[in-house]
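Common to both upcoming complexes is subunit A, partnered first by subunit B, then by subunit C.
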Partner chain A sequence: MTLLGEAALWFALPIGLWGAVAGFVGGRKGRGDLVLSAEYSVYAVFFLLILASVGIMNAFVTDQFQYWYVANYSNRELEMFYKVSGLWAGQRGSLVFWALLLSFFSSVAVFTNRTKNREFIPYAVGVLLTITSFFLLVLLFAEVNPFERMPFAPADGRGLNPQLQNYWMTIHPPTLYLGFTAFTVPFAFAISALLTGKLDTRWIVITRRWTLLSWFFLANGVIFGMRWAYEELGWGGFWFWDPVENASLLPWLTATAFLHSIQIQENRGMLKVWNMGLVALTFLLTIFATFLTRSGLIESVHTFSENTRIAFIFLTFMGFIAAVCILLIAWRYPLLKSENQIQSFLSREAAFLFNNLILLGAAFTVLWGTLFPLISEGFTGQQMTVGPPFFERVNLPIGLALLALMGIGPVIAWRKASRRNLIKNFVAPVVVGAVVVVLLYLRGVHHGMALVTFGLSSFVMTIIVVEFVKGTKARASIEGEGHLLAFFHLVSRNRRRWGGYIVHVGIVMIFTAFAGAAFDREVVQTLDPGEAITIESPFGHEYTLTYQGLSSPRGQNLLRQAVALMSVEKDGRPIGFIEAEKRLYVTWEAPVTEVGIRSTFLEDLYLILENVNDLGGAFENDAQAQRATFEVQVNVLVNWIWYGGFIITVGSIIGLWPSRGSTKPAPRAKTGGKRPALATLG
Partner chain B sequence: MRNNGKFFVGLGGVALVVTYLIWTGVSDTMLYYLTPVELIARVADDPSFHEVGVKVSGRVVQGSWNRAENELLHHFSVVDLEDEKVTFPVEYRDMLPDTFNDTDIVDVVVEGRYREDGVFEATLVLAKCGSRYEATQEELLG
Partner chain C sequence: MVGVTLVATGVVLFVMLPVLRGDWATLERSEDEVTEADARKQAALRGLRDAEYDYRSGKIDQADYQVLKTDLARQALQAIEDEISDADPSVGGTAGQPAVKSGKAGKKSARDRALLEAEIASVRKGMVDGRTCTICGHLNVEESRFCTNCGGELDSRAGSAPEPASVR
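Take a look at the complex of A and B:
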């Protein structure tokens, strides 16, 4: 089984290369047989990569430790769940997984377009297979083959890093990979549009669902990563501004910009060069994310080992892609002329444009901060770094500007907003935002930036709610429907627009959660059983946690476990228990901290077992070894990140849901301008 | 595009603001990233460097870790990766990451200030057991 997988990987490369050449040549010469052969190659590569992936999983499940990759990421006692997900636990397997997802999406794109949009297919297939082949080349020739065998088989593997033995960690990387790889499809169609010269909005319409799909996975991938950090890293935070985290955020930021700017091209025929640039940039950033994760170039500057060969291969590839994109855009520049111009800063085009510029600005600051050690060393010879204070400081005003635009963009008129349009749409939301700020201030919220965030969030939420109410009422009275039915029809008739608004609600919740973090509290204390910690919530109540003692049960793949139990009282009333642990894994020498979390809608009670004075004794269930140090936190609104993520999912699914005739280009208001602003976002 | 003056005004405005934010952000928050050898040389050269925030990467000296009783206060020593003679004590008042210990080979990055009394007052400690994520064939055999 595993040998078959290894053979499949070797077969996939020539087929992928052949298909790439057949696609380009077939498109150039108009040879249908070559194009068809290229399309079959896509399916064949997908099938072979399934075999390769199953081969790796099989090696994990059957404990074949002669494989270097398996020996490094598994052990006999590891839970089955984590053995199966071993496919993407380490660098080597995850490269196969990446290629697998890419070939899956390529197959879906080829299959759904087998009878339509044929003029784009040859080159699109060529691009898709070129990129897949690149990953196969890396796998087979850059010393990262997951099927590499050692001359001996160790008795047991080294086990999976305990911090990766977490549910969120098994779904976080695949979700990100889904997002990264799905974006290759819009990129491939964009390149195809450039090569064929068919530069109307067709390529955008064909791929806009792909863009949304990719965006959706990226958003969730990032949020799952936050969730993992919050549960597993044991310090109550969810974002480090670590280079690898930043690398996953970058394509999400530019993909968000792209999702918005294509609407301007569809509706007003503007920003064509910009959109080409964005699609290329976003694709490059997805490759950059893999590159940064794989090469370890940034973190490794002083200490950790790096794979310079992979770094070099990826840099060359990114340089090649960037050069091709720039040359193609320059070549087709005459066909990418704007059909319209911005007439006023008070217009939807301008709001979307600013949204784009600011998102790009955010991406640039994150990229700059991430690469700053390399930049400073390059220019001054002295390495300098910037950390979370830099990113937070710079991105706070940027984020607030985006939040404001999220309210303004959807309701301001196209071309030039009239005084009436402005008053009608913005007076009520501004009033609501201001009232919220005043009320919160009177209730004792005096944190300036948090107040601004809460005010802007209320402003945006009011705009969205008013839009829904207005739309539903209008439909109910025109069609004579009940309000619930009218609401349902409203959303289902223009899923993209209303789905987008729902996504905005999720984003607003996440912004609010970030601001909530300004009110977090924490207390550190050393306790004997019977002693208690009290912590006051910013919402006015008080928690009392009474230490009940340590116990030492034993779980799968664990040598020892010390579980501290606390009873929790809220304002003197018992509300339950909370547990925090130190674990010692079979394959891991250092103990691992597991936090306890008690969630409510507005806040989390978060317990960390910071230290056990006599951990060895505690593991032996020694009644004397009970003294321990705890950190208790009240984390305000942190749950709203996960709720926001759920709402983003709902909104994205509404936007993604296939509707009849969806691939027809949207009617575009070219010159007349009689069309009401509401209808044109479709 | 020639007449799209407003587009370029917007572009220029946002670019200026972003540049300003990055510029002030970098100059207010950046830290020197040094090895212990470089740090010691710097402060010998210029004593005012004791006041500057720095980030230093090195290795935890095995057996050097002490934890204050009943208080969240850690002491350990960091040694240069190349020159074993260059070492300094670190003081840290927060939780250490799980990856930190003084029995394995643990590489750390400490962020903070190198005080005039020769103690590094850390505000952040990152640790990675360099050898533990992926092993060589020899290590797997042993």
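Take a look at the complex of A and C:
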């Protein structure tokens, strides 16, 4: 099976290259047979990459340590779950996984467009297969082949980094990769629109669900990453501003901008060049994110890579793509002129434009902060780090401006809003925001930025609720429907708009959670069994954690494990137990910390076993080796990030759901028959 | 080894089949797809719907609403006429005036054309009917002269929303 997988990987390259050439030549010459062959190549490459992926998984599951990749990312005792996910645990497998997902989405795009949008298909297929072929070329010729054999087969593997042995870590990378690869489809159609000169809004209409799908996966990928960091890195935070985290955030920021700006093009025929630029930039950033994670150029907590050579191959490829995009946009510039102009700054299109500028500003600062250490090292030879203080200082005002725009945008009408109406519509939400700020201040919340965030969040939430109420009323009045039915029809007839508002609710919750972090508490204390730590919650109650002692069970793939048990009381009332651990993995030298978390709606009680005075003794179940240092945290509103993520998912699904009107008539014959008299592309 | 050979042969045959057999993929837009004019029409109709919601929920003034609605309705009409011209170049028509069918057989079926005509009529009707009260937003029965909700006089020339069914 593994041999077949290896052969399939080699075989996928010529098929991919053939398909790419057939797509472009078929499109240029109007050769329908070549285009059909290119479309079949997309399916064939997908099939071959499934074989390659199954081959890698098989090598993991059957402990074939003669393969360098398996030997370095697995060991005999590794749980089956993590063996299967070994496919994306390291650089080599991840690149195969990336190509697999891209070929999957390419196949879906080709299949769903087999009877429509045919003018765009040849070049779109050409672009999709060119990018897949690039990844295959890297895999096969840049010394990152996952099927590379070693001269001998070690008895056991080095094992998987313990920090990757976490449930969230197995779903976080695939989700991000789904987001990265799904965005290739809008990019491919955009390039096709440029090449064919069909630059009206159709390419945007064709791909807007793909854009939203990609955005949805990127958003969830970033949130799953936060969850992993929160559970696994053992310091109580969820965002490091680590290069790889930043790299995953960048395409999300520009994709968010793109999702908003395409609405201006659809509704007003404006920003055509801007949208082309954004789709190209977002695609480049998805490649950049992949490359940063898997190239080894920048060291971070999760650049699990071993080969810096491919960094330069990726950079060259990105440069090539950027040059092609710039040349194509310049060539087609006369066709990309705006049909309208912004009539007033008090208009929704102006608000969207501000939103775009702010999101791009955020993307630029994050990119600069991420690359600065590298650039600085290149010029001065000195290593410099740009830490969280820089990112937080710069992004806090940007985030607050975005939050405010989330409230302002929906209330402003397209084209031109009158000042009087604007004031009338803003009075109630502003009052609600101000009342929330005053009430919180009176309750002892004196953190300035947090108060501003809570106030703005209340303002935005009020606007969204009022939008739903007014929309339902208007619908009920126009159509003469009951309010419940009117609400249902309101959302279902314009899923993108109302699904978007629901996504905004999720984003507001996440912003609120960020502000909640300003009130986190922590206590560090060294204890013997029977002693207790007391920590006060900002909500007024008090937790008492009494140390019960250490025990040393032995789990799968673990050499030793020291589990500290604490009983928890809330205001003197017992509410249960919480555990934190130190683990020593079979194949990993340094002990790893596992935190304990007790979650409620408003806060988390978070326990870290910082240090065990005699860890060796504790691992041996020595009754005298019980003294340990603990850090207890109360993390305020942190769960709202995950709740917000869930709401974003609901809103995105509403936006993605096909509306009744969007279904096309019954498909016709797959092919246009035998060679036609005329079949050319412009 | 046998498996590898089988897979390789199968894949090559599958990919090369269209070239060997001379099967041609369609490379042209099919008639039932969204055209550029259709996309413009949809955007204008969507704009009309949003404008009505915005007006009724108090985001825009009556005066702005009137200007916006007239502009959007004109765009919708232009797009619909362009769509007819695209489908059948022998059919003419300028903005604001319904196109006249030439009687020659075009690419569109008669049914499609009838639907488009109905759409034009519906947008025009919304512009001039005056069924929606500009004071309270109430939707009145056709040919009403006064609003049954607030008693206000209904402007018979320009004071209404387009036919709701047409902008859904």
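Rule of thumb we're sticking to: the second predicted complex is superposed on the first by the 627 of 682 C-alpha atoms of A that agree within 3 Å, B and C clash if a C-alpha of one lies under 4 Å from a C-alpha of the other, contacts with A are read in each partner's own complex, and residues count from 1 in each chain.
Heads up, the rule we're going with is that a residue touches a chain if its C-beta (ideal position, glycine included) is under 8 Å from a C-beta of that chain, and two chains touch if they have at least 3 such contacts.
Worth saying up front: this structure is predicted, and the values here are computed from it rather than measured.
Engineer: For A:Gly234 in the superposed arrangement: first (subunit B), second (subunit C), both or neither?
Structural biologist: Touch status of A:Gly234: first partner only.
Engineer: Considering only the touch criterion stated at the top, classify A:Val54 as touching first (subunit B), second (subunit C), both, or neither.
Structural biologist: Neither partner.
Engineer: Taking the superposition as given, does A:Leu3 touch the first partner, subunit B, the second, subunit C, both, or neither?
Structural biologist: second
Engineer: Identify the partner contact of A:Leu656: answer first if only subunit B is touched, second if only subunit C is, both if each is, neither if none is.
Structural biologist: After superposition on chain A, A:Leu656 lies in contact with neither partner.
Engineer: With the two structures laid over each other on chain A, which partner does A:Ala518 touch: subunit B (first), subunit C (second), both, or neither?
Structural biologist: Touch partners of A:Ala518: none, neither subunit B nor subunit C.
Engineer: In the overlay, answer first, second, both or neither for which of subunit B and subunit C A:Glu39 touches.
Structural biologist: second
Engineer: Classify the contacts of A:Pro389 with the two partner chains as first (subunit B alone), second (subunit C alone), both, or neither.
Structural biologist: first
Engineer: Common interface residues of subunit A with subunit B and subunit C?
Structural biologist: Subunit A residues touching both partners: none found.
Engineer: Using the touch definition up top, name the residues of subunit A that touch subunit C in the complex.
Structural biologist: On the subunit A side, the touching residues are 3-4, 7-8, 11, 15, 18-19, 26-27, 30-37, 39-41, 43-44, 47-48, 51, 115-119, 121-122, 200-202, 205, 266-267, 269, 411-418, 420-421, 424-425, 467, 470-471, 473-475, 477-480, 493-494, 664-665, 668, 670-676, 679-681.
Engineer: For the complex, which residues does subunit B have touching subunit A?
Structural biologist: By the definition above, subunit B touches subunit A via 1, 3-4, 6-7, 10-11, 14-15, 17-18, 21-22, 25-26, 28-35, 55, 57, 67, 69-72, 81, 95, 97-101, 103-104, 107, 109, 111, 124, 128-130, 132-135, 137, 140-141.
Engineer: Tell me, which parts of subunit A touch subunit B in their complex?
Structural biologist: 68, 71-72, 90, 150-152, 154, 158, 161-163, 233-235, 301-305, 337-338, 341-345, 350, 353-354, 357-358, 361, 364-365, 368-369, 372-373, 376, 382-387, 389-390, 393-394, 397-398, 524, 526, 588-593, 608, 610-611, 613, 629, 631
Engineer: Could you pull out which subunit C residues touch subunit A in their complex?
Structural biologist: 3-4, 7-8, 11-12, 14-19, 22-30, 32-34, 36, 39-40, 43, 46-47, 49-54, 56-61, 64, 68, 137-139, 161, 164, 168
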